[in-house]
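Okay, got some structures for you below.
There are two complexes below, and they share chain A, which is joined by chain B in the first and by chain C in the second.
And now, the complex of A and B:
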């Protein structure tokens, strides 16, 4: 009973604190504190509910149990992280985004190809590409190469579509100005059209971050060596060691947020001139 | 219209040609291997013919996939477990349920975020953070846990679809509900409109273009969720189950035909929303 009261009290306290924060003038620390308080409140409620209703640890472990697990099997988590994220997701992300970028720049010189490729690319980007995973695992074997291939296929089309669209973003007046400067194709590309395309390119890069993680992890369900986050999740579910599964989820969420955050930071530095970055 | 049709067909034709070439390249080793064991030597045309008609090719040629799709849709009873339409139907039901739940949750959250400053400050960052969690990766766990609690069948898959589809709706609707200009909001105030009236007569109608764009993304995401949600259920039914069974038994033609079916399904669903969007926005005078 005490734990349920604790959960309710934590909820009320967190909410009141945030209501109070919302009434204050906005500063950088209050806009940071509000989501942090909300997150902590959720954790406290989770802990209280699990203990209060005595929910079986097999079904839903308490946050403290998960934290303990993260501490006790840090080596295992790191090995899985290196296999899935560093080897599979990152290499696939770099190859996929790089290839899509180069092809988009090449296609951009031929308006005919562009008009054909954009609808096809848009269509493919909406398809459940993740279904390619079993085929690619068959082709490239169980190790990280096949995971990287899945990631390449997943990030390629969103990146391609965004880059092609971005390269059309520079308007006619700006292009005319470049022509009056007697700038050739390459100089116009480097000085005007690529910078103008950056907001779109970063949109593609940011969409790719979560897709890359998802692709690398899901591909491991179709076959993997005995290390990796997807492998650990699927086997731990079978063994009902759900605290380990949650620990992997925590690592995945952390990696995903960090990956996205890094791209957002780079975007801020590169596209500082764009209206959405000014405040 | 013709400006895009010709280029699109050119690109698609090029992709098909590439596919056939890749099929020759990937399947040729097996063809040579077989011929060597039989003590024969193959001419180039024989190799090509063989690579396009193997039973378990590494990459099936498009016409093999097309034949498999035709045989498993048109020539099987819809209730048969070997009918792709039956499996697509199973996936479709989970997709639609998840889509409806996700859209409902998304709109509710968006209304809360637009009208409540506390929610805007504390919930919105978490909505964004929620998508950096690779939910598809934990789909197996969600399904196992929900099974243990006694929820099985459609709902666990739909929950995964819901989680994937609520996000684009929240983001789009928050943008849409905030899209009326200050001038328009002032106008509502001069008419002494209540908050409810402002919502129903100004904010909601002006959010419609944003809503439909988000719905298209949400639908595609929902289908992906349903397919992945079927993987850990032990390959019982659904397109995801066909993928898994195909990968267990090396039935590449089956995998590809399931993929084609998923693509057709996605195209139809997104197309229907696009059609609704055109009709609705025209009747509202917004297109």
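And now, the complex of A and C:
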């Protein structure tokens, strides 16, 4: 009973604090504090409800139990992170986005590729990851290479479409100006068309960050060495160590947010000229 | 006044009578998809054995992403089919499961190696790659490796590389693993169908090696058993289920057809189910449903012989994890 009261009190307190904050003039710390308070309130209510109603930890572990597990299994979590994110997701992301970028430039240069390659890319993008992953595991083996291959297929198409679209962003007047400077194809590409394409390219890169993580984790469900976030999530459910599953989910959320955040930061630096970046 | 009481009593009795006749609802959660591994339950439902016992049984198929232990604690089922290792592990994690019946006397879990890779006996394991399923299948594997003195952290002089294989025989056929886990009634046939003959294979059966773990058993929550009405329901359920199993053993073709009819996914084929009924019949043949205490002890010893962080099945001897109360009443 005490814990349910605690949950209710935490919820009321969080609400009041945020209402009070919303009435204050906006500063950098108050705009940061509001979501933090909301998150902490959610955690407190979660803890109180799990303890108050004595929910079995097999169904939903308390945040404190998850935090304790993160502390005690830090080595394990790091090994899984290195296997899945650093080896699987990142290498696949770099290969997939890099290849898509190069092919997009080629597609833009040769219109017949656009008519031939884009429909095929469209088709590949429509393949569901759970249909593809077992096949790629069979082809590329159980280790991270097959996970990287799944990631390549997943990030390739959004990157390709965005880059092709971006390369058409420079308008006729700008291209005419380059022509009056006697700039050739490569110079126009480097000085005008690629910079103009950057907002689109970063769209593709940002979409790719979350896709890469999903691909790398889900691919591990279909065969893996005995390390990796997807492996741990799927087998820990079988072993009913749900606190470890949640710890992995926490790490995945953290990694995904950080990955996306880094790309957004780079975008801010590179496309400082774009209207959407002006304050 | 006297008449009024009579009428009231009569009405009450009549009501009680109809209530007793209305079938009791009961939900069974399977460990895996609809297949002949669960033929006995489907036969009992289809042939009306459950109906005869006054039960209205719903059979929920499982799958790779369904843990029956989670379903029962969430209230999604009254009774579940699971392996004893998973049941005991759940018990230690606060899900008080109790084994009420054990239709599978022996187990179908084995390890198959290709002779062409040079594996002839357990002495050849060091430096090899072995496929394991996990989801409970890893417990006897780790116990076995520990008893052989092999580490599971990578292939070298005293260790093996462990792969998490999918539920197919592909890794062996593709040459990605030297040995894989198979069930006699499922993946073993896949290997044979891929053109590999039994003579080209080395088979290690966990039971023969003394690392047996009881497979499909019926488990309920301990608290539920304290309710006499629930207990009575389970007695009738176990009696009808065992009747279904014995019927399936004797009428294998009919049992396979019943499984196919009940497969909502439409994924199963008759000839494979027929094979599976035959193999599963070998596993259920020695059991009338009563749990053998010696088998239970062997399972517990297997699990306790290799306790490590990787293998967190159970860390101490379980208590009260099984009862004969249901089978004694149902079968004797």
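As a working rule, the second predicted complex is superposed on the first by the 263 of 279 C-alpha atoms of A that agree within 3 Å, B and C clash if a C-alpha of one lies under 4 Å from a C-alpha of the other, contacts with A are read in each partner's own complex, and residues count from 1 in each chain.
What we mean here is this: a residue touches a chain if its C-beta (ideal position, glycine included) is under 8 Å from a C-beta of that chain, and two chains touch if they have at least 3 such contacts.
Since this is a predicted model, take the numbers as computed values, not measurements.
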item	value
Touching partner for A:214 - first (chain B), second (chain C), both, neither	first
Touching partner for A:134 - first (chain B), second (chain C), both, neither	both
Chain B versus chain C as contact partner of A:235, first or second or both or neither	second
Touching partner for A:57 - first (chain B), second (chain C), both, neither	second
Which of chain B and chain C A:142 touches, first, second, both or neither	second
Chain B versus chain C as contact partner of A:31, first or second or both or neither	first
Larger contact residue set on chain A - chain B or chain C	B
Partner chain(s) touched by A:225 [first = chain B, second = chain C, both, neither]	second
On chain A, positions contacted by chain B and by chain C	58-59, 134, 137-138, 222-223, 234, 237
Chain C residues within the chain A interface of the complex	65, 67, 69-70, 73-74, 86, 89-90, 93-95, 134-136, 138, 152, 161-166, 170-171, 174, 176, 310, 312-313
Complex contact set, residues of chain B against chain A	3-4, 6-12, 15, 26, 58, 117-118, 120-126, 129, 131-138, 140-141, 144-145, 148-149, 216-217, 220, 223-224, 227-228, 231-232, 239-240, 243-244, 246-247, 250, 252, 255-256, 258-259, 262-263, 266-267, 270
Chain A residues touching chain B - in the complex, by the definition given at the top	15, 18-19, 21-22, 30-31, 34-35, 37-39, 58-60, 112-117, 119-120, 123, 126-128, 130-132, 134-135, 137-139, 209-210, 213-214, 217-218, 221-223, 229-230, 233-234, 237, 242, 245, 249, 252-253, 256-257, 259-260
Contact set on chain A toward chain C in their complex	56-59, 134, 137-138, 141-142, 220, 222-226, 231, 234-235, 237-241
